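Next come two complexes, and both contain subunit A; in the first it sits with subunit B, in the second with subunit C.
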Partner chain A sequence: MSIAAAEPAAPARSIDPAHVFWVLAAVVTAAVVMLPVEALPAWAWKYPAAWQLPFAAWISSFTKWLMDSASFGLFTVRDLTRAISWLLDQPLSLARAVFATGFVLGQGSDAVTVFPAIPWFSMVIAATAAGYAVGGRRLALGMAAGLLYLAVFGQWTSAMVTLASVLVSSVLGSIGGLLIGLACVRWRWLERAVSPFLDIAQTMPVFAYLLPMLILFGFGPVSAMVATVIYALPPMVRVTILAIRAVPEEIEALGRMTGCTRRQITWKMLVPTALPALMVGVNQVIMLSLNVVIIASMIGAGGLGWDVLTALRSLNIGKGLEAGIAITVLAILLDRFAQALALRAGEVEAQATRRRRKTIVSVALAVAAALWLATALLPAIAPYPEAWKLSTAPYWGQLVSWINLTFFSTLEAIRTAVLLNVLVPVKRFMLALPWPWVVFLVTAVGFRFGGWRLALTVGLMAAFPAVVGLWPATMITVYLCGVAVIIAALIGVPIGIVSAGRPRLWRAIEIVIDTLQTLPTFVYLIPIVMLFRVGDFTALIAIVLYAVAPAIRYTAHGVSRIAPELIEAGVMTGCTKRQILTRIRLPLATPEILLGINQTILLALSMLVITALVGTRDLGQETYSALAKADVGRGVVAGIAVAFIGMIADRLVSAAAAGMKARRGQIQ
Partner chain B sequence: MRTALSSLAIACACSILALTAPVGPARAAPESKDPIKITLNDWTGELISAHIVGEILKKAGYNVEYVPADYLAQFAGMGTGDLTFAPEVWATTAQEALDAAVATGNVEDLGGSGMQAREDWWYPEYMKEKCPGLPNWEALKKCGEAFSTPETAPKGRYLGGPVTWGGYDEERIQALDLPFEVVHAGTDAAMFAELKSAYERKAPIILWIYVPHWAPIKYKGEFVEFPKFEKACYEDPAWGSNKDAKYDCAKPRGDIFKAAWSGMKKKWPGAYEIVKAYKNDNKTIGELAAKVDIDGKKVEDVAAEWVNSNEAIWRPWVKQ
Partner chain C sequence: MSGPVLACRGVAKLYGSGLARFVKDGRLAAEPERLAADGVTAAVRDVDLDIVRGETFVIMGLSGSGKSTLVRCLSGLIEPTAGEVLFEGRDLSKIGERELIQIRRQQMGMVFQNFALLPHLTVLGNVAFPLGIQGRPKAERDARAREMITLVGLGGREGRFPRELSGGQQQRVGIARSLAVGPDVWFLDEPFSALDPLIRREMQDEVLRLQGMLKKTIVFITHDFDEAVRLADRVAIMKDGRIEQIGTAEELVLAPATDYVRSFTRDAPRAKILTARSVMRPADGEDYAGHVPAATRIAAFAHDVEASPRPFAVVEDDKVIGTIDRVAMIDVLVGRELKAAR
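Now for the complex of A and B:
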């Protein structure tokens, strides 16, 4: 398929055509930027307004029709979505009743509690017991510590609201993703049809489709949950497809020989075998669900996300941080619990230990249930006592103020230097590029990596922002995300290389990157604004912090997977440590590292919603402004432009990685 | 253990059944007992307004529910009846969203809340020394340097609101020939983070501030006095000191409107009358907001306290 792969191992006699291509591209690009204005016709510099297609208006009128009058005869589209919404509300209301609100009769201020929600002490006991049952002492300790943090720091009520919605959306997202993934494995055409939607779902800023969704699904926790599932489901589908395909063929053959039905093969053989790999998908669903907690809280989900938002609006940094950490704690607890559950599925235990464990767990659960019942009779004992609450909030505020007073001038110097020497020149350069050349270049690169088909796809996607009149905003997006991705790679890849093969270091780093991925960006965004002012530099720091995680993760994974024989061969032939790194480890890990970069790009793009909040002028801002003006079409078009940038990067990087893998196969 | 769990499950299932069963003869009541959903946005003044209205409605016998909602997303919710009432819609920041929602016929503009939004250029008190002549706007003409940062020098840096707020600050700078450059914050949280940072360091800053808000209560400072706004200033270039440009004056003071789902009138006629009659003023809300943001009291308590001690004000709104 790829040209790179098709090239025979050419004798290294003259110039490599690959190098010629890149050098030529760079030289022409540099020349084009320096062209005087008169050298090209005006339409090349600025896409003429008269050529623009009114996509935004079309989308606006389509959604208006869809929301107001589209009908299946007996009922309208809105009736259907409202029915779905009612259905989804059932598990959600149940979870909210159990964890947060209690079972009530009536609504609003007339509501009367029939049975209380699970009190904090029952929850701590039950969760600790459950942790012990699936993951042993270590997990039990973790559960207890995490939940006690929520109680002691006064986050309990909000945390349980968030837990209820994240629990339900993670389960729905995981199951939904698994089913879609299985269907895609079975019917290849479906995979091809679904794939672009997955890309769009993952990269399109939620703000872009918020308005139509609110009208179709209603304002409230259900809409928030739908938004969460849309965002968190794609990785589960992808992981399922990969994991099921990776199951050795012999297993399926065995099933067929022993006369299993198709259903039995899928559920009794393929899914259990692929379970460890599937759990990676579940992990991503949980992490991503907690990621949209803030935005979900804006449309009625409430909970911790709302606390973070209100705390930071009144500049209470410490309070925002404590609520933010509560989100991270929930993420880690849920993830570790799910991982332990999956691990245990394949484990066999000695009879005696199992019996002992069972007794301990049963007793603990019984105590928890009894205490819960007790709170129904004695409601006064249920809330966590005010006097036992702790808060470190004032100290965090003071810390930021201290840094502000002590180091501001140093930080200001760094900011100014980066801004003037890196950001501003790159921005000018990107904005100076004529759009036809950029579209041509993207197409040519597509052709080089993946033939005419890829060329056509990425070329059309690159032309889209020009056609809808969003070219400058798109170039600012590319510049901001591009610089952020390069910095994230420069930080992430070395850390990944160093930590691969050092388990203790890796465990510490994993905690850091898990925290970075789940701690709401808003929590660190406000202190960053205080220290670096609003603008591109602040946005850059936020994007790098958030997007560096996959670069580290995939690099570490790639480097540690290299066959030890290859390293040994290197040592035997007398390579120095440096040579082993540059000649063996890095080249072999490159495809994996590229996938990490690919994820870094996607995460960087998903941060655009947040960077719009610190005053950038990119596509994220465009979707946000569209929301302010209730202009559905404009928001969706800008959202599609963001998704296309992500898809172009994804397609090109994947093709490059595939080509490289193929070549490496040839070498070996 | 398993039996304990399953009996628990049955108990839960029963309560759910009880939940879904019809509660009382709802149809017999003159007005709906469904909860009136009041939106909670993310600034203190609005939270207080919402809870005051909610408390009054409760005293009048209505069922009230508070729903946290994004300021802009709430219009979609009111359009479908998922949300009932928004107590503070600022003409200065959400006029377009309100107009668009009212145009659909599903949202009703209930008129002013009696509060007036003022928004303009604002500076901390300590800047008066560095730029003598303030608050008169003409002093700014010589103060570009005093408010400058490395990227804007020698011009001053004016921190504007999010682009979506509009405000014509670029035009104002042009028209009044001020040596300033506008830098837009993306949210007001970011804007006030910068103010806090600068205020701590006693560093130069001039920015867009709106009242009623807690910031000018917590931080000492003043608004710049621009030539007073008149409609002609925004429409007729000949108006004001610059004969060739519009916007050579202060920003207009805007009403703070109330908005509701248009089905409210039919479903809860009495409650509709109450929210329509509801009025308050900047001073009251500002003082109540300070009790929350500076003294650390709870919004619910502050609002309930006000409702309890000001029955004379709100009682006439409730029609018996």
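Now for the complex of A and C:
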């Protein structure tokens, strides 16, 4: 059809066929967009409703059948899920009782507190001691300051509810991930079977599986926890597989030579040897858990996430910000604690220091326990005194009003300029593309990078949104995500290049991006909504901020990791600094940079879904509103569509990077 | 002494897919060209050898020659594709897993190229590890481990962690650990390849010292011909998965079976390898400046012979069986073709 239009563009002189492919693709795409409506049959512009497969309805009726009538004979599916729910509730209730609610007998107004929750002062002392035990004085100070902040700003109870959920989910996620990972190492077929589920679980937006959880386990903390564990577990599985495989083969040979059984080899040799790497996985589990627990507030996890959500809904910026900062504080505390734990796993210290540390820690813990007991006898001393509380919420409100009054025209001008000049044209362009061409293009790129298998996989995934009737929403998602990724790359790659090889600058930047990555996605929205109100522009800024970190990190890593001989060779051939950058460093770092962009895309997608809260019109909104209406099918299908976008990007970029590395013999 | 401790009969180890079709009656039944054409690599093939009790048997080859695969077949870590590995006359692949575990626990010890120390255990914990696996009581295993640590000269460092030790010290820990169970057969898989040359020499002396005391059957893997010659009673030279020649260092130098073996022996320190017997000429009743036993290595008496204008007598069982003079010495040292036949 439109190939003819592109033929004049085919260059006459001989150049790299790779370039021909891309030039051709771009030209044809431009031509297709400009085609008059009559040039193509109607079904190419808009996927006909008659051809749609009612996946959403199928899923909905399947879950309905599952919950209402499916039965294993002796008991129904509902009984089973409720039993699992009860089982999972036990550790969670215990943790909540310890940290937040106290042990309570009876319900409602008859409730009698049998034993109180840990009072704030005991918690501060115990956490400080724990911080000292794993990370020394600095971490201890950090723990104390962070927890005091929570108490002073009146976030204590919510924070403890969140903490209890995070702790239980992290323990379950880490142990579950470790066991699955070990099983995958042992049986390769299991790894092959599990791998696609891990991909989907990681790329599917959290919103999408809150809903099935809700149906299976009912509204409440348990559903939230199951969703959290499912989301946080895949990285642990991956890390476990990698870490155990990275244990030198000799260690396993040693195990067999000393006559270890398989179990002994696994638990006495492989796991301890891989412990430092495994702790990195645990750290990830904790951070992801926190992130999801916040989102899962929507289905009853409660805690800080709920506070932010209600504040966002009522546009009470001050309150939202305070709760948001509390989340941040909690995130940083947990992250630093988990990092110190990971670091310690590989560290050795002298016996004397170890003993002294042990004494200090046990004394502190004893004091904390004694104080806790004291509150059981004297309940009056337990709560944090109202008079000592501070709140900055009103000031934030005033600040926002002031900024809006003073800078309204400036902010509005920026917003409108970006909207009119970037966002709207790109959006129109994406929506104007006929879906068959997009599917074809994705397939062709897949073929170029990875042959038939990849072409088929990505092609089918690209066709999915059209088939289920979500094409426009998908294109809006791609446009928002695409613009955000391009901006993130334009910001991130130069920063990465500049900071590589400048350790001082890098350390400063690392702190910034570490913090950006530690913050739960929710928190990003608050200040941006304050300044730019709801809409695509707000979403864009939030996505860019969240997704820029990997672009910086991978670029810096890729650029600084190049073998020094190559740089020396460049210097000796008389390269200028700029030439060393453009001729040596950048080309060699390209695969690494591509992987960074890949991560950026995935993060952008996960943030994008959250931005549904500020009123975008994309797949995120689909899942979010499906959640509100408890429409399982619609939510899951939209979620799968988002997951597919992520997986297409991931497969294509990874294949491109791998191809590049293989051609250069840089296979790791 | 009855039979060899370890023996290989037609052992082959292939890697690739669809290996079964190359094996007939437990033997490798395919030419190398066919294997290569089918994308199968033969890490080891057609290996026959006997290792007798108390000897130090060195398997020498360059990287990729299959020596590591062979030692893993010998220790039962991997099962050969074809042929059999006999440990005290029994086929390792026919012994059940349970019994194999017992054999490894009681009768085998292994030292690894990259030490394979467990990073989360102290020196003491690492050395005591194999004993712990056997479920020995703590007091006993600690005592035994301490004894081993002292034996390898690391006394006083029991509480250190592996990363606090130098490479040579780490390998001493590896040696102590492999000896802790009192094995009959001691496998050392390129144990000193990761160490500096000076430390390597020191560690070779250590092995010689320990072997002098303990009299184990040693299977030692190396890529270093000088190391092989220093330690070995017998050397097997491997190339492309095959054994080129097995013999004492002297046999390899005097009668290399292939050009490949010759290429190693050409620059070997002959004075330290050859004995008086292999350099002597027939005795012809001259008057002698002195006498040397026939089994003595040349380096031991080279100085005396060179200093004397008259030849020395080579004696065995108090009889003169030949004579050796300056010219013969110099022939040896400059590596001229040896006239003396054996």
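The working rule: the second predicted complex is superposed on the first by the 586 of 668 C-alpha atoms of A that agree within 3 Å, B and C clash if a C-alpha of one lies under 4 Å from a C-alpha of the other, contacts with A are read in each partner's own complex, and residues count from 1 in each chain.
Assume a residue touches a chain if its C-beta (ideal position, glycine included) is under 8 Å from a C-beta of that chain, and two chains touch if they have at least 3 such contacts.
Bear in mind the structure is a predicted one, so any value in this text is a computation, not a measurement.
Once the two complexes are overlaid on the shared chain, A:Leu87 sits clear of subunit B and of subunit C alike. In the superposition on chain A, A:Thr258 contacts subunit C only, with no contact to subunit B.
In the superposition on chain A, A:Pro248 contacts subunit C only, with no contact to subunit B. Looking at the superposed arrangement, the partner reaching more residues of subunit A, out of subunit B and subunit C, is B. Of the two partner chains placed by superposition, A:Ala508 touches none, neither subunit B nor subunit C.
Once the two complexes are overlaid on chain A, none of the subunit A residues touched by subunit B in the first is touched by subunit C in the second. By the touch criterion stated above, subunit A contacts subunit B in their complex at residues 93-94, 97-98, 103-110, 114-115, 210-211, 214-215, 218-220, 297-300, 302, 306, 309-310, 312-315, 361-362, 365-366, 369, 401, 404-405, 408, 412, 416, 419-420, 522, 525-527, 529-531, 533-535, 611-617, 621, 624-625, 627-630. Residue ranges on subunit A touching subunit C, taken from their complex, read 248, 250-251, 253-254, 256-261, 264, 268-269, 272-273, 275, 346, 348, 351. Residues 72, 75, 77, 101-106, 108-110, 112-116, 118-121, 129-130, 133-134, 159, 161, 163-164, 181, 187 of subunit C are the ones touching subunit A in the complex. Residue ranges of subunit B in contact with subunit A, taken from their complex: 1, 4-5, 8, 11-12, 15-16, 18-19, 23, 33-37, 42-44, 54, 58, 63-65, 67-70, 72-77, 79-80, 82-83, 94, 96-97, 100-101, 149-151, 159, 162-164, 183-194, 196-197, 200-201, 203, 214, 293.
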